[in-house]
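Each structure below appears as structure tokens.
Note that chain A is present in both complexes that follow, paired respectively with chain B and with chain C.
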Partner chain A sequence: MGLAGYIGKRAVRLVLSLIAVSILTFTLLQLAPGNFADLQRVNSGATNFGGVGTESMVGELESRYGADVPVWKQYLIFMKGAVVWDFGPSYKYASRNVQDIISEAFPVSATLAVLAVLLALLIAVPVGVFAALRQNSKTDHTTMFVVTLGHALPSYLTAAFMILLFSATLKLLPSGGWNGPEDMILPVLALSLGPAAVLARYVRSSMLETLREEYVTAALAKGGPRRTVIIRHALRNSLIPLVTVAGPLLAALMTGTVFVEALLRIPGLGLYFANAAASRDMPLLMGTALFFALILMVTNLVVDLIYGLLDPRIRTVGGGSHDGH
Partner chain B sequence: MAHRASSVPPVGQTRRDFLRLSGLTLAALGGSWSLTGCGLFGDDSKAADGQSTLKIDYVPVEVLDPQVITNGMWILSRGISEGLVTQNEKGDGVLPAVASEWKVSDDHLTYTFTLRDNAQWSDGKPVVAQDFERTYKRLFTPAATSAGGTTLGANSYQVSTGIKGGKDFLAGVLTDWSKVGVKANGDHELVLTLSNPNPDFLLALTHPAMLPLPMDLVESKPKDWQNPPNYVSNGPYTVTEWVPNSKLILVPNEKYWDRGNVKIGRIQVNLVEPSAAATATVAYENGETDLVQLAGPDVLRFQKDANLSKELEQTENYSILYLAKLRSQHAAMEDVRVRKALSLALDRKTLAGVQPGQEPGVSLVTSRTGGWDASLGIKEDVAEAKRLLAEAGYPNGQGLPPVRILVGVPDTTLADAMVDSWTKQLGIKASVDHVEAGVYTERRWQVQKGNYIGFYYGTFAGLPTWPTMVGSLWSPKNVQEISLPSDQWQKYQSVQEDKKLKPADKTAQLDAILAGHASKPARDIGALVDKANTERDDAKRMELYKQAAKLREEQYLYLPVLWLSLFHAVKPKVHGLQLRAYPDYFYLKSLSVGS
Partner chain C sequence: MTATEGVEAVVGTTGTGEPEPIERGTTARGPWARAWSRFRQHRLAFGSLIFCALLILTAIAAPLIAPYGYEETDIQHKLAGPGAPGHLLGTDLLGRDILSRLIYGLQTALTVAFGAELTALVLALAIGLLAGYLGGRVESLLMAFTDVMYAFPSYLFAVVMVTVLGRSIFALVVAIGIASWVTQARLVRAQVMTLKEREYVEAARSMGAKGSTIAIRYILPNAIGPILVTTSFAIPAAIAAEAGLALLGLGVQPPTPSWGAMISEGSRYLLAAPHMLVAPAVLFALTLLAFTWIGDGVRDAFDPSGEQR
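Here is the complex of A and B:
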């Protein structure tokens, strides 16, 4: 019952947050200079071909959302549909409904995110443990220096370097596109390095903390082989906090791979999100913003629940105080 | 991860949790991998063996409707849809396409097209005259009543075609379709009637907005007709797959009337974000694409490379870079002497050297236009520019606010060079105001506050014909609008935005403002173009257009700056590329892929 109540409370908070997100996004969009029709005119060859756009272009879009309806009503119309997962057609991608765009493009972004986080974990755990076991040694410092560098390098820069290395120079991999599994290699690599660095630092500090725990000392004192003690006792327990980091990291990657997607020509949702903002495509921007907010909040909720499962001490506190950040 | 976790000996409950966790991750991973088998990369089956494949790069296509002004329309006219006529190799005349022949009446007002009887849609239905009439009706139908809002902006185009009643029908002034000059007589005859003779009319029909649509499908599936497998075309190729932001897959339209001359088995059109264009040549040199448009720095690199230079194709004089006067509360730019001084002091030769393939743009009408001569061009003269500035009350620029260039595109190289030219040659203050595209669209129509003066930065491309260069680009109406005093301009805009006005009243009020307050020369330009449009004698007509063009130059409301080239890189295995200076650049039909 306690758990159900907790989830219920979180669900209410989630709905309120989504409403706040929608109002904020909508308001900011209204405040942004320019509108869809004008931008379309400038960016799409209309001006390039001497087409002087007319008043009716703007009228057209307004009529698409109900003729001459005031802005606040547009918001209500949108939200009424959003409740039942119907965001209506995008302005820019006029033959598609926003929810169809999401269900087509999100699996692409999500796959890359999941693979990137997995790769990040595969890199981070050994590196973190390695550094922790040699705390304050030269190897520890060197490893952590490299890791910090990796963390500081934005993913689009990594992607650009990788295109230069693997495509332009070595000619091993395609420089972009989305035609087969080989096209996943560069984006996953580019997306995983930053998170790997973050996770490695967590693993290291968490491992260091665990190594100082009495039960580890006790296990070692009992004469257990050092290797077994480290893996069986220290590592396993030091990995628990990783859940709180990896979850939001996954959510962040699923929702924020804009640059890498653009650079590597991947039809993911991040690219749509960025295009929606740039072109003032209200339904698409609202739809994707709400969807991303939902993903982030659900991920946080799931992380909290998993954390509670892994570490019963948190459950007894109620979990409400812990938000995964 | 999974292996690591399960290799750990059991310690109470945590182990199960770990297994559960890793199981979840695996499930997620497995789930995602299984997606690769069912559509993560689209339902693309690779080209069958032995089929020739061409890969070309293009910008993203959001809409596959030729009546909506997006980049999608220019890929359709490359050879997915086919109109009554297509352009010839040079782009200065037309060839039969769906229409096998046509007759023009003696008064040059009525065009009677005979449609070939073997023209078919890719679903096997015949292409008939009614298809064209229904398509053009959709094009001319006013915004508010059209289904799904598809006529977005195409209306701006039809003005240059001059089909009788089209403009009024679109504005809602005329509601009786039978009075519009589009009529299908039976299945194979289409009659188009103009309000005035238009020597460019046949070329104008090659614009994507004039391509036929499968109207039965458009009406029965208003939301889904563009999406494969629904998509139906009547041109050499048809669309089998469309992943926005990724690719468009084209295969020959097996029902095409000239199927024997369609030579490529499969065309993959990579849809490349402009922001990723910096790496576009990597894909080209890595063999991922066979044809790509190049930007400035890449052009230089290709020109210098012994092998790559052979793959470089230039379309000279493709577009015109210009500056347009911004309206301002400050009066300086209202003085034609100031504007003229700024134009005379632009060192166009130096500007042209900034990037490859550029020429000094000495007039708004490009030199490609038949009958162009140097008398139309601006003669740069710094001494005269200084004299004009002084005469206008700004000796050596004293008292003149900084002159701004409002730019809404990412690259400001050329605008920076113009600022340089002014500061060096005139000693005035000038700067580039680089803003986001949305800010640009809004600011360029506003009356600028305080002492903000200057120009907005733009490019135009169009048919190199007098009616287009004078009647359509920087049209008489545009010149009149930009010549309005600030207060009248604001009044004009508020009439435009007034949603309560009836279409006919709105048009009348707007016309009245222009007639009463546009500058005299701006109105004279309009009169000259009107006269040219009805003049039957070719030599006299060109003379009238030239007079109008000259008068337009003398207003210095629009300053021509550069004539720009376009560059493509093409692999040697691609044959038959015929580049034209038109926004669709080339047709797919003439292409083939060899060894």
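Here is the complex of A and C:
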């Protein structure tokens, strides 16, 4: 099977999965008791965005979908819009269209995620190499213990500890919001530690493996400086397997942004998704959920393709590299 | 157990980095006894087990241990700091005792986590065993279903489920359980696929054992080790999921306490009352670490050569 065939097959699978996800989400949300208008009537007075205009929203919903239209037809209407990037207006953020909210909020989340990946690599590669070179020493064990901590704690908990340290105690950084570049520091730090821990572990074990390879021994035997051999021969080759963890890692990072954004009040996609769920803003919830699923699936596909290019054996199996979440 | 040099090198560096002696010449004890003795040698895991047992006891006996009810307000002492008279860890915005709310929050966290993992395990075992054992059309159907669910990012699914089911303990158990069974089901099926080719299963079949007997008597007991390992790692994940949903405002209905909601509340009053954030964050971190270390211990006990995850 050629590369084009492989890509085609994966793309078809992606579209099918996306349709399955959209049907499942749509059906489930149809079953949800209570809608946005009901919730507003209950809450009105208690919250500032209370009951105004909810009736007109319901009217708008009906004009979009038509009254008494069967669910499957509503789904088709929704998907017809989704395909041409039109999800209709949000309930909660009245007068704004869901697709506009997504295009405004996604860059915020993406910036956080990309910076977090870069920082994670900057931390993980030196730490992993360092630990591998001192295998089984006290430093190695201590580093790997710290790595376990980073792995076990979810990013929002790390963020909580960071605002305690940097905002409440040292009073250096703001404890949330999104007004300037200084607001990026804490979320990026919090998001990067988990991935850094996972990556460091992989760099370490991969490095240990390559250090035992004959070409490394040969390069050392030829009298190459240790530092050059380690960087040019061992490190370079031991970074290839990292691609396999990239998929699950990016997925975990996406998940992380939802919670970190909620905790630090950053207007990214995750915050809108969470708010949409809490206030039953169905168009926004559908839109953001589908967009999240799309991003995750495309990321997985790209990661698999890169890995397929690096290691042609994968293509014939046609499998994915996405084990574990 | 054949311990080659390569294996030894890996074993020496498992998880927490404690060098583990490789048992040689262990007498004819069962695999469970061997696993238990390996688990006990893992000091961090064994300590964590004791800590978690205490947590579970505290959660069960919450009404006896907590000094106050979780809704009880002390209007005289709102936002009291730690060490205030009668409130060891202080009080929150409404004057509710933080220690008591932590204890009841522990109850919420553990009920949801264990309930969800039990749900996930039952689903995964049923679907994985059926698919792995029956094969053929049933298998492809069940696995196609599993693949669709696998494509669904699990936290998206959990959020959607809570939106549908409402904010209750039951809803959280179902949402988190359903969102996390897929990985388990795939593992069960893979186990069944390998085990059913083994000689002893062949032997049982040739002697006329029924399919269900083979699945339950012969395959399940031998698949249980790896399943136990993933389940023990799934427990801290479920605890984190419950707190995460609460952080998004999708946890149990207030005033029932949840650590996630306490953390989110604490972050909002960070400067006025940092103790509102410190207490739940520290307890939450300790609990997650302890459960994760138990998972490490279980993994090393059943699979001393593996350094996965």
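Points to keep in mind about this one:
Simple rule for what comes next: the second predicted complex is superposed on the first by the 273 of 325 C-alpha atoms of A that agree within 3 Å, B and C clash if a C-alpha of one lies under 4 Å from a C-alpha of the other, contacts with A are read in each partner's own complex, and residues count from 1 in each chain.
Throughout what follows, contacts are C-beta pairs under 8 Å (C-beta built on N, C-alpha and C of every residue); 3 or more make two chains touch, one makes a residue touch a chain.
Only a predicted model underlies this, so the values are computations on that prediction, with no experimental measurement involved.
By the touch criterion stated above, A:L119 is placed in contact with neither chain B nor chain C. In the superposition on chain A, A:L24 makes contact with chain C only, not with chain B. By the touch criterion stated above, A:N136 is placed in contact with chain C alone, chain B being left untouched. When the two complexes are overlaid on their common chain A, residue A:N179 makes contact with chain B while staying clear of chain C.
Ranked by how many residues of chain A each touches, chain B and chain C are led by B. In the superposed model, A:F161 makes contact with chain C only, not with chain B.
In the superposition on chain A, contact is made by A:A110 with chain B only, not with chain C. Once chain A of one complex is fitted onto chain A of the other, the partner contacts of A:I77 are absent, as it touches neither chain B nor chain C. In the superposed model, A:A32 makes contact with both chain B and chain C. Look at A:L294: by the touch rule set out above, it reaches neither chain B nor chain C. Shared interface residues of chain A, touching chain B in one complex and chain C in the other, are 32-33, 160, 163-164, 167-168, 175-176, 262-264, 278, 280. Interface residues of chain B, counted against chain A in their complex, comprise 1, 4, 8-9, 11, 14, 17-18, 21, 25, 28-29, 32, 35-36, 40-42, 44, 62-65, 68-71, 73-74, 142-144, 146, 148-153, 155-157, 170-171, 223-227, 243-247, 270-273, 275-276, 279, 282-283, 285-288, 319, 408, 436-443, 458-462, 468, 472-473, 475, 477-478, 496-497, 499, 583. Remark: chain A residues 17-18, 20-21, 24-25, 28-29, 31-33, 135-136, 140-141, 144-145, 148-149, 151-154, 156-157, 160-161, 163-164, 167-169, 175-176, 205, 251, 254-255, 258-259, 262-264, 273-274, 277-278, 280, 285, 289, 292-293, 296-297, 324-325 touch chain C in the complex.
Residue ranges of chain C in contact with chain A, taken from their complex: 12-13, 15-19, 147-148, 151-156, 159-164, 166, 183, 236, 240, 243-244, 247-250, 263-264, 266-267, 270-271, 274, 277-278, 281, 284-285, 288-289, 292, 296, 307, 309. Listing the residues of chain A that touch chain B in their complex gives 32-35, 37-57, 59-61, 63-64, 67-68, 89, 92-97, 101, 105, 107-108, 110-111, 114-115, 118, 121-122, 125, 160, 163-164, 167-168, 171, 174-181, 183, 231-232, 236-237, 243, 261-267, 271-272, 275, 278, 280, 306, 309-310.
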